[in-house]
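Next, two complexes with chain A in common: one pairs it with chain B, the other with chain C.
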Partner chain A sequence: MSTLAAQRPPSRAESWALGATGLAALFGLWTLLAISGVVPAQFLPTPWAVAQRFVELTHTPFTGYTIQQHLASSVQRYLLGFGLAAVIGVPLGLAMGWFRWLDDIVTPLFEAIRFVAPIAWVPFAALWFGTGIGGPTLIIFMGAFPPALVNAYRGARFVEPRLIEAAQTLGAGDWRIIAQVLLPASVPSIVAGLRISAGLGWQSLVGAELIVASSGIGYLIVKGQSNISTSTVMAGMVAIGIVGFAIDVALRRVEARIHARRGQ
Partner chain B sequence: MSRRRSSRWGVGLASIAATLVAWYVLMATGVVSSARFASPREFWAALVQINVQGYADARLWQHVWHSSKLVAMGFAVAVAVGVPLGLAMGWSRRAEAFFNPPFLLIRPIPPLAWIPLAIVWLGLGDAAKVMVIFMAAFVPSVINSHAGVRAIEPYLVEASAMLGVRRWPFVREVLVPGALPYIFTGLRLSLQAAWTTLVAAELVGALHGLGQVLNAAAQDIYPAMILVGMVFVGIAGAAMTWLLGVAERRAMPWRAA
Partner chain C sequence: MSAIVFEGVKRVFQRDGRDFPTLDGIDLTVAEREFVAIVGPSGCGKTTCLRMVAGLEFPTHGKVTVGGATVDAPGPDRAVVFQQFALFPWKTVAENIEFGLKSKGVANGTRSETIARFVELMGLQGYESAFPHQLSGGMQQRVAIARAYALDPAVLLMDEPFGALDAQTRTVMQEELVRIARTNPRTVLFITHAVEEAVYLADRVVVMTRRPGRIREIVDVASVRRSEHWDRHERIEEVMDQASFVHLRTHIWKLLREQQRPNEH
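Entry: the complex of A and B
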């Protein structure tokens, strides 16, 4: 029996072939189900039909906008919600890491709210901020805020005491310590948190747009659903996947660059 | 130390109490309009209403039970498929080479994006909910079981190979227990994702469940009931996480401090 350590790893050609087989199995099965008519084409279009629909959506408007315009309004909301989460969450997390009283005050409230799924804010988001840009932004914020805060807080708490003591000896005040000692020392933790925030924010955005929006990529797929146009739904899912993937890759790059600069 | 801890508790309780008082005062003085948010009294009235007369076609416990049951079903199926798949991918480099590319294609699609597709395929009933919960819980189960196998100390694997441990005893005695800490991390993430996704799916369209309470309350512009819905989404989520924690301590008695 081959075990984990004793196993001979497959050659590069072999793993390439296995991977290609895996993909072929996925797309083959999908195509087969679609063209055999076991599932009606309206409910399961072929991969090719989805690709065609995707191209079509880039120049023919669906529910008023092309897919690029839907994506543009999604990204706009996303940047606003994620930006707010970072701008509020990171400084608050650092301050909580430094001022114990602030930590003691905020933590119980934060813990109480954290268990409520971001998507459950949808009714209040719509009631308070409407369905344009404000409502979805609140939900993105609710999804992206906790990791931004928690990681900044942890980063600040685990700064080497030596650094803090040195700064104090040199007469640095509270705010200067936060800005010039805690912040630079917790950058890796903050960036890791923001990467999680970015992913959760994107997910929350999709959820928000399914329910409270009149444009955007989530709105596109939910309208595709009510028109029973499965190819539109799938084309939208592909677009959501690509953007989510691109966000993750971009932030991984940033993270790797920061680690490289710090010689880790 | 204990003095510090008790002062922490004091400040924490004071902070929560201050929030509750601020809530009452803001609502009572009319600074926040009652069309926008509910006063404590209205919250209580809504809580009584949903428990006694019911709201959105059922009583509170029926909604909670309905949602929890769906989460349990979708979660169980996802774990039953995802964990063995992740273990296989961690164990065999060939299984990894085969399953990873299709998996990587599906992974970036957020679970919530499956909701419209599930509705097209399966309608507004329970089957669609179980499908989206499955999609939400599946990915973290696979990823973490995979990582868990890779995190097993190589000397354990080598020692069992040297001792001639056979395949099934190896899986039972080394592979699964070795990967268990990561598997449970995956289950926790799966469960959270499953719960969020279900609430979203119920908000998009459902017949029963806590998300449906939120949905009906939003349509009725009934802030107190929205608040009741949110509070119980939080409580049910916390309760599930707690139950999983209990299961985790049972499953890994050797880790108990």
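Entry: the complex of A and C
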């Protein structure tokens, strides 16, 4: 058995080719199943039926909005939920990494709450914040918050002690150490955490919109389901996949840029 | 007021419920503006002594005072130069030097003046906006020394500052430290395991025993330096050629040799 390290890594072109092969295989299988009649069309639409429906949704409103408008309201909720998770999670994580008393207060609460799936907050999200922007935002926040906090906390705890000692002997107080030593030293860990947050947040968003929302991609999928329009459901899934992929690519770029700037 | 006083300092580590003494009764006074080097075998607790003055560790018994006040926390009045430089990798040379000045609340204009002065003193011109990873080890340690000196600390604590440098760079840095120490005299506690370095730099050399560390002997170098006019020599190798230097060095070597365990060579 060859180990991972002993394998010759595929070249860039080979990687692309392999990726394309995987996609082609998926679409091929899908097309085969759909047109052969093995699976009826109302259970599995053909790829071009989905593409056609997707294009149609861009100019014909479905449940009151075009797919772009659904996507826009999803992205708006997402940015709000993810943004709040980052803005609260990262500083709190860093502060917990520095102040032991804060760590002692927050950790038990956090450990209990983070195992509750974001979807479990749906009833309260709807009850407290409604189905507009607030409810889904809470659910996204619940999905995105834990990795943002945990990675900032771990980053802060694993900062080289000599850098902290250097800062202390140079007269830095608690807040200066958090902002000027723990934060920059933890950037790689924080960004890795935010990438996980972004993914979980986007997944939670769609789950949330399936239940509490009156617009958005998740809502479009639910309505597609109740209209027995599988091509609409599939078009919604494609939109989710594309946006999710775009978010990850964007964050990977940010991560690469940060690593390049630090000469790592 | 910047004299350092160790009064009956003991330090005990506890592991698995057992006591491991690392320092066993240190009494030492470093006078204001005196340069004292501590040499001793590995693990004798010399670095612990320095860290207790810095406020990064604390004695189990006895006390450490600086300027009459018991040390209870780190502070910019006691700047530390670490062996591994400990520069902030995400800050430029100028920003590293600026860090302590900002913490101290020094005004913006004064800060830039101070940075410029120490950049020049340490020969770092042209590297102000370089990041530490772009510099050689010797350059990085110059930045660390500039960062410490820029705070205008009463006490300077140096923990094997040249230990990570190659022999040539080390020699240059030792000569520079002598030059800076002459123009900006400070109370200095300097930890090293290099005997020549200690004799070349220090007014007094404290020789420690192996663990648990005690003071074996305090060797007065300053009086010999004065009477033998070492200062007339510009270069370190010329000073090291002096019979009086060789004599002191050999004396300290013998004291350290005593501390070797029989199975060590």
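By definition in this document, the second predicted complex is superposed on the first by the 239 of 264 C-alpha atoms of A that agree within 3 Å, B and C clash if a C-alpha of one lies under 4 Å from a C-alpha of the other, contacts with A are read in each partner's own complex, and residues count from 1 in each chain.
In this section, a contact is a pair of C-beta atoms (placed from the backbone, for glycine too) under 8 Å apart; a residue touches a chain by one contact, two chains touch by 3 or more.
Since the model is a prediction, treat every value here as computed from it, not as a measurement.
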Exercise. In the superposed arrangement, which partner chain does A:Gln180 touch: chain B (first), chain C (second), both, or neither?
Worked result: second
Exercise. Which holds for A:Gly22: it touches chain B only (first), chain C only (second), both, or neither?
Worked result: first
Exercise. Given the superposition on chain A, which partner contacts more residues in chain A: chain B or chain C?
Worked result: B
For this session: Identify the partner contact of A:Gln68: answer first if only chain B is touched, second if only chain C is, both if each is, neither if none is.
Result: neither
Exercise. Which of the two partners, first being chain B and second being chain C, lies in contact with A:Thr60: first, second, both, or neither?
Worked result: neither
For this session: Please work out whether A:Ala166 is in contact with chain B alone, chain C alone, both, or neither, and reply first, second, both or neither.
Result: second
For this session: Share the list of chain A residues that count as touching for chain B in one structure and for chain C in the other.
Result: none
Exercise. Any idea which chain A residues touch chain B in the complex?
Worked result: 1, 3-7, 9-10, 14-16, 18-23, 25-26, 43, 101, 104-109, 112-113, 115-124, 126-128, 202-203, 206-207, 210-211, 218, 221-222, 224-225, 228, 230, 233-234, 236-237, 240-242, 244-245, 248
Seminar exercise, completed: Touching chain A in the complex, chain B uses residues 7-8, 11-13, 15-16, 19, 36-37, 90-94, 97-102, 105, 108-117, 119-121, 149, 152, 154, 157-158, 160-161, 166-167, 170, 195-196, 199-200, 203-204, 211, 214-215, 217-218, 221, 223, 226, 229-231, 233-235, 237-238, 241
Seminar exercise, completed: Seen from chain A, its contact residues with chain C in the complex are 160, 162-163, 165-173, 176, 180-181, 184-185, 187, 262-263
Seminar exercise, completed: In their shared complex, chain A is touched by residues of chain C numbered 54-56, 73-76, 78-80, 82, 84, 86-91, 99-100, 102-104, 131, 133-134, 147, 151, 157
